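Common to both upcoming complexes is chain A, partnered first by chain B, then by chain C.
Let's turn to the complex of A and B:
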């Protein structure tokens, strides 16, 4: 157990180090010159001269441009460890950290809502579908959700956007609130907020349901063959008790690990969904940064995504053996 | 004995992929390939007899665009998937066959790479090194898809390694790499075909994702670039469904086709996976 924990933490550190180092190498090798970008910007609008100078100074500091590369590398590590990701070129006085802090709650909310909905619906669908008396409609639904899962989130997002914002214009096309509306703690604000979240949440949840339905059905079929279920049936327990307490309870835990496995894939997908709906999360920040060549923001967001995903996977991996005593030392899910 | 279930998904998958390829054929028959050029037609036309899928706002014929975009996207996907399977197979076989330190290093590399959201890295690469050709795109995309193959091949080799015929080969003095190439590889071919389809799916999703963000090879007409342009010029807001819908529909068919074929190949390669489990 201890050994596993240590190995897992080492892999996390290794991942973060690889990400940071790859980032450093890419920045040094790129033909894109952020400084030239800044100078061009300074020339085009005279008022940001001061800001430009600070950015250039930051860039010099971070990369110690006149020093040999090992020195540059350590300077860069030091800057990152102190949490300094640099300035945004597009919104100058704001640092990359500021921009990220504004976006993170939106992304996190979107992700958690979508994943929770998909987890509940998918597992329910899969569990019910594994039951012997499952109606044909239910099986059909599982197959439907499975084929939908084969399509990436961003394509689902485009289709949903067209269907519910253009063809039947019942939902807004994007953003998080109606432009110009006042935001207070009223019901109207809450409804406006929810209406804007439905399509982005829906695109991700819809794409995930099939994934969980299918694996839940698989796990359930093995669980339902177990002897203790037979015993329960012989004992005369009600079908519902058997299903919920004997079946689902034992099948649901492995599903939690499945949650962690595709985290990277999930986040990658969410970036694009946010960009399509112009939802004010990290993905949209990244999309806008790409359009304006806001280089430090691009780098900062990419590093942030990598570190947070690895951290989330680390937490799930470490917490999982605590909830499921069946998994202890050694081989977990390999 | 239960081989038959593979037939149905195979037919469904082939139908979807056939539909995609038919679009290319229709494009070549109905419109001239030159109609992909800017302002070869009046811009913003809805579909009619001369332009079956209409024209977009740079005056390109949409059917001609689709006929050019589908092969380009397929090229990147197949190249990306292919390279990924080759890298994954080599690493997986080496890890599985030799074990020990080599296995440890490769396994750790796979674990690390699986943790990193690959699209994030691709975005950074795409933003830092603009102007990429289709083949460059394929090779970059392969970076996202080699881990799955490496894992599956390693697991397979671990079981094959203990089989009789490998032991005999070892006793008869065959070297490690020759055993891998001559004894193990042929036995893995059904698996590799299933893995290849899955890798192509991953590669396609990554390619289109990058292109939709505007990070693809911008000079080439591909499905992702077409979606990017349609979004950039607000085709959906202008009611020009014939601009954004064709690439989206073709991609949905492509993913469906690959999904069903992958499923069929999976069940052929791994008969135990039949029945209820995935």
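Let's turn to the complex of A and C:
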């Protein structure tokens, strides 16, 4: 178990290192001086860049841009390790780290809530749909959710926005709080916060439910043929026991693995949803950075996404033995 | 004395296709061990699954009925069946890796049975009963904390026997409980099954291929061929003087552990023979005391 954990963590470190290195090479492979290029483009568009010359000097200095590549690479790694991702061009003198740190909690909250809701609802729906004594309505719901899942997140977001913010204006169109409201630990603040989160969370969760329902139904179908379900039925166990402890409990295992694999796709889908609702998360930061060619912020976000996806997969891998006792088979007494 | 289990004119089939089993007439007395033997596809498993009300999907009882203590089991009344299951008719399955829920501890799986049938948690008196049945099959109470994959095949099979005996049912259906086990484990499994029968007076319907085992343990033996019960009688009589041609053939095919000889040439019965052996128009008739066979008068 310990050995497995250590190997898994080493793989995680390797993944992140490769990502960082690729990030470094791509920038160096660009034939133009990216910083001067960006500053020049911004200036030509009439945007004023405060302290442009200082930024150039700072980067040449910090990242040893006049030195050969190996030295640059070493400096780059050193800066990264000390948490320095560089400065935002659009929000100078804010660092990329500052910008990300403000955005990450919002994104994480949004993602975890949406994924949890979709995972629970979708798996329950799929499992019930495959159960022979389940009402027919459930089967209909699976097909409905599958259809909805075929629609991209951003389109769902636009549809929800149109329906619940314009046609029946019961929910806010964007942001995370009502502009100008005071943020304190009161019920009103909490309600305001939840009202702003419903549509972004809803469009991600709604888009995912069908996916989970469909795959759960597939896994459940094979689990239903297993000997332990037949044996349990002959034992006269209740449907509820059979469904939850014998059916779902076994079928959920591959679903947890799928959860880690889909994380990457999910995060990229979330970017557009956040942008549509102007939700102050990493997605909106990336969207704005792309518009303003805020080069270092883009790099920072990409790095953040890679690290968080790898981290999610690491966590799932480490948690998996806790839910599947067979994985720890080599160990006595566990 | 009324029979514990009475099968009368039982016919099982899939939809409109010709029936795969029956009509079968068979009865079992309380505490009796009846062995069912015959070739694969002969209907042994279908018959035992009909008794358990666990026919494969699509299979139905077309005619006849099964009665337990004189009460017909079919047509199925879901509520009544939940009371019959495990409390009156329990089951020892064929040894298989996934017969026990792989992600649930053995103790929890005992707990499920107690909770779902008696609505109480596995503790106190019930815990004692579970430990008693485990001891009876020579297992330590420590297995309750194990997951199925941590036990050997023979231990898992004895867990299943302990489970079957927990509610002291009147009838246990054991479907090839010793196949897929090594000889020593087989012996232990059979031994515990028999001891429990003696202790609780449970009748056992033992389905199997192993004629040597049947000869040792069965009181009566039923021989199934092509969905028909072709011979039914005391084990001793059948092994001594099988009446039906298929039964004779079956017994000849058993190799001896004592005498090493060339294996008898494996010839498959001709189609004409098969037709003749499964001829339904030939009635069962007595060929000895309590011993009937479906064959023409000699």
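Just so we're on the same page, the second predicted complex is superposed on the first by the 283 of 334 C-alpha atoms of A that agree within 3 Å, B and C clash if a C-alpha of one lies under 4 Å from a C-alpha of the other, contacts with A are read in each partner's own complex, and residues count from 1 in each chain.
Rule of thumb we're sticking to: contacts are C-beta pairs under 8 Å (C-beta built on N, C-alpha and C of every residue); 3 or more make two chains touch, one makes a residue touch a chain.
Here the structure is a predicted model, which means the values were calculated and not measured.
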Review point. Between chain B (first) and chain C (second), which does A:253 come into contact with in this model arrangement: first, second, both, or neither?
Key: second
**Study point:** chain B versus chain C as contact partner of A:221, first or second or both or neither
**Key:** first
Check your understanding: Looking at the overlay, does A:67 come into contact with chain B only (first), chain C only (second), both, or neither?
Key -> neither
Point to revise | Comparison of chain B and chain C by chain A residues contacted | key: B
Review point. Does chain B (first) or chain C (second) touch A:233, or do both, or does neither?
Key: second
Review point. Is A:245 in contact with chain B, with chain C, with both, or with neither (first, second, both, neither)?
Key: second
Exercise for review: Spell out the part of chain A that touches chain C in their complex, as residue ranges.
Suggested key: 226-228, 230-238, 241, 245-246, 249-250, 253, 323-326, 329
Revision key, fill the gap. As the complex stands, chain B meets chain A at residues 108, 111-112, 114-121, 123-125, 127-130, 201, 205-206, 208-209, 212-215, 227, 231, 236-237, 239, 241, 244-245, 248, 251-252, 255-256, 258-259, 275-278
Practice item. Mind listing the chain A positions that touch chain B in their complex? Key: 11-12, 14-15, 18-19, 22-23, 26-27, 29-32, 130, 147, 150-152, 154-155, 158-159, 161-162, 166, 173, 214-215, 217-218, 221-222, 263-265, 267-269, 271-272, 275-276, 286-287, 290-291, 293, 295, 298-299, 301-302, 305-306, 309-310, 313
Point to revise | Residue numbers on chain C that touch chain A, as the complex places them | key: 52, 54, 81-87, 90-91, 93, 96, 98-104, 108, 112-113, 115-117, 147, 149-150, 163
